[in-house]
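Report on the structure given below.
Chain lettering (A, B, C, D, E and F) follows the sequence in which the chains are written, and residue indices restart at 1 in each chain.
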Amino acid sequence: MSLTHIDEKGNAKMVDVSEKQMTKREAIAVGKISMKLETLDMIIEGNTPKGDVLATARIAGIMGAKKTYELIPMCHNIPIDSVKVELKPNRAEKAIEITAIAKCTYKTGIEVEALTAVSIAALTIYDMCKAVDRGMVIGDITLVKKTGGKSGTFEK
Amino acid sequence: MSLTHIDEKGNAKMVDVSEKQMTKREAIAVGKISMKLETLDMIIEGNTPKGDVLATARIAGIMGAKKTYELIPMCHNIPIDSVKVELKPNRAEKAIEITAIAKCTYKTGIEVEALTAVSIAALTIYDMCKAVDRGMVIGDITLVKKTGGKSGTFEK
Amino acid sequence: MSLTHIDEKGNAKMVDVSEKQMTKREAIAVGKISMKLETLDMIIEGNTPKGDVLATARIAGIMGAKKTYELIPMCHNIPIDSVKVELKPNRAEKAIEITAIAKCTYKTGIEVEALTAVSIAALTIYDMCKAVDRGMVIGDITLVKKTGGKSGTFEK
Amino acid sequence: MSLTHIDEKGNAKMVDVSEKQMTKREAIAVGKISMKLETLDMIIEGNTPKGDVLATARIAGIMGAKKTYELIPMCHNIPIDSVKVELKPNRAEKAIEITAIAKCTYKTGIEVEALTAVSIAALTIYDMCKAVDRGMVIGDITLVKKTGGKSGTFEK
Amino acid sequence: MSLTHIDEKGNAKMVDVSEKQMTKREAIAVGKISMKLETLDMIIEGNTPKGDVLATARIAGIMGAKKTYELIPMCHNIPIDSVKVELKPNRAEKAIEITAIAKCTYKTGIEVEALTAVSIAALTIYDMCKAVDRGMVIGDITLVKKTGGKSGTFEK
Amino acid sequence: MSLTHIDEKGNAKMVDVSEKQMTKREAIAVGKISMKLETLDMIIEGNTPKGDVLATARIAGIMGAKKTYELIPMCHNIPIDSVKVELKPNRAEKAIEITAIAKCTYKTGIEVEALTAVSIAALTIYDMCKAVDRGMVIGDITLVKKTGGKSGTFEK
């Protein structure tokens, strides 16, 4: 077994997808950003009735997914069918849990787009709250499921 | 205390920096991507003599830092003095440890740029190795130090 | 009837187009920028024999259409078949009339791309003439026709 | 008097700002998007308690201002101090009124950034509501005030 | 015979590809950057064991190809199947030879993407070595082969 | 002497400019694109009275210069004072000669921006004329002069 993005000379390359089939694909990624309880409460309150931290992070996550091919050097520019970002404040865990679901109908998968959506949403929350809590930690970013493509379904 | 990026009506806004002083600023952020030992060994070997996973991730991290203002909605477009990304494979931890150091001389800080560099470097490693290890986890992304600016030094 | 870009919790989302058919689509949008007669005459003269205000606006409109998915948060990145921007100085109206025609063969429409082309062309004219006429007004930007897709033809 | 963005041969050029002074500058631009009353009501309701049309448009406007130099060919890439976008539904006028306030401390003005913020916010509202109202009209986009710079204050 | 990107009034336009067939296409472009022998030797040594000039240029070339539609006004945004960039130091010629191979399955060709990859790779080498050799020359950038599409195979 | 963009471990880095002085800087770069005489004549004619090949290339070159920091991995995002692109058809040489002049007042130079402007202008001409002349060659891209900065004036 070997790394698909490295050629026989050890050089980075885009994987050639010209012979691959178009299939429907979906990827679900998760992550979280941990913070002080008082920061979390500010965000939750700010969100009622119409504060914007979570709305901004959700939109940034969706827009970030569309920029994946620009950010990740060997990623293909793929036509995206949909991206959805969900943010769930969890007081017990003192964290906001982030889930991104991305879909495409294409020759290569959409896992990195889902992971990028989670990462950018988390960074946006950090940015908007850093003045009150510089010690926030972004973590546990991982793929939990993907379907479609030659390698089939992956579930964690 | 209140969130600086939310105005009195609860709406997101860019913080107005027009009255702030230019000062030299530096931010150091860290993070890691955990993986199977055999994936890590492939990357390490691939890196000798001239495999490109780590080089690609390092470059993507630097370029990602420059795109922070485009990705994070309320971030200012700041002139960056330097960005450096270091990647250290750690076999004991089965992870690659990522450090980003960013500098600017400006009216607002460069913490989010450093955190973005770490995140994009991690996502790039995920992308290049996903075919052999879809279960990799990105985590522990946090600011460890920042200097400069009105709020002074922060150290974790 | 409800807004397609808002989910059941009131959150913004990209519409999922994974089940939609590829069809040929075309959208025609118009708009105008009004100005002082002497500004209009400068542009017209400048355009003979080879002044560049209108050429620059036309090109900016076409390039802007290609950036629609980056600018408009819930827009899909769609493969564009063509964009054409026409600019017609109208001395009687003291305005430049802008028409954009955009085409794609895809699962979702190209109306916003046409409207973006018109908007960016108008902003470019504003930028290039603002030193002589800061009071110019951009207006009447609207879709006049679209064909293709499940909702069929729209004509104003 | 002549167009500053056209050289002596009629070719487009960026105005050379190397000899200009840094001054504090502010620009206020307005515009509106007109629609059916029922569309407006959907947006207003959707916004209570946490619908996202207005939040998305506000964020898109701010992000669009930061992309002005990429969209408008002869615009300088200027360091922006702040951008604020306000959206006010007006049932009597069957429209959403848009105001953008942009600031910089630089050698050239920030008018086009404010106008771009208004335009992109309007286009975002169009995009999110087009499925229920394709006939919306974007208009009356204009600069209402600018301060700073050699040409001084402009007020409409 | 006439220029396909100029309409009957002499205005620039995107070629309309809505009636064209999807076919597999490949383009190979070459170019080189000439320099002092000592600069070339620094790059070669730097590349052993893990210097980064060539890796950075290779990655920049691949990423540049993906940005072609943003850079070249009348280019279509096409889904790219693969891009590969090869860099070969040639001591006899005191140059680094650059080859880019790009593939797509689409309605229009991928020649300009291959040429852009070569150009950006060359500019990256210039940037990284300019402190020791400002007189480097980039040249001989040309298409050597393209296959697919209605116009068939071209070979130089 | 050693490469400034490579650190002591051989890794690519952005040069740290935090200790450098702001100075006025200017860079002049040239290049050309060679073609069949009949292609050149089509461009020249197309340019009279208002064909757009040269206008499009000129604008693309200016916009490309502003994107340099996004394209060239280790380039700083610098505030640009002006960019000018000149295109001169030369029938004797069967080529279009390209000159770009870029200025900034900053801590690092603007040579790569000038070279990028030349490259993107040349690629744009290639794109717009490729249907009639696929064998065009881009070459002789080089810096002819730069002033300002610690290293002083360079002239070729």
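By our rule, a contact is a pair of C-beta atoms (placed from the backbone, for glycine too) under 8 Å apart; a residue touches a chain by one contact, two chains touch by 3 or more.
Chain by chain, the UniProt names read as follows: A, B, C, D, E, F = Cyclic pyranopterin monophosphate synthase.
Just so it is clear, the structure is predicted and the values come from calculations on it, not from any experiment.
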| item | value |
| --- | --- |
| Both-way neighbours, i.e. chains that touch chain B and touch chain A | D, E |
| Chain whose mean Cα position lies farthest from chain C | B |
| Type of chain A:chain C copy interface by residue overlap (half), same or different | different |
| Centre-to-centre distance between chain D and chain B (centres being mean Cα positions), rounded to whole Å | 31 |
| Length of the line joining the C-alpha centres of chain B and chain C, rounded to whole Å | 36 |
| Centroid distance [mean C-alpha coordinates] between chain D and chain A, Å | 30 |
| Numbers and ranges of chain A residues touching at least 2 other chains | 11-12, 49-50, 52, 55-56, 58-60, 63, 67, 70, 73-74, 77, 79 |
| Chain-level touch network, classified as line, ring, star, complete or other | other |
| Chains that touch, pairwise | A-B, A-C, A-D, A-E, B-D, B-E, B-F, C-D, C-E, C-F, D-F, E-F |
| Chain F to chain E touching residues, read off their complex | 1-6, 9-12, 31, 42-43, 46, 49-53, 55-56, 59-60, 63-64, 67, 70-75, 111-112, 115-116, 119-120, 122-124, 126-132, 134-143, 146, 151, 154, 156 |
| In the complex, chain D residues that touch chain F | 7, 11-18, 69-70, 73-74, 76-79, 106-107 |
| Touch list for chain F against partner chain D, complex | 24, 55, 58-59, 62-63, 66-67, 77, 79-84, 86, 103-105 |
| Residues of chain D defined as touching chain A within the complex | 47-50, 52, 55-56, 58-60, 63 |
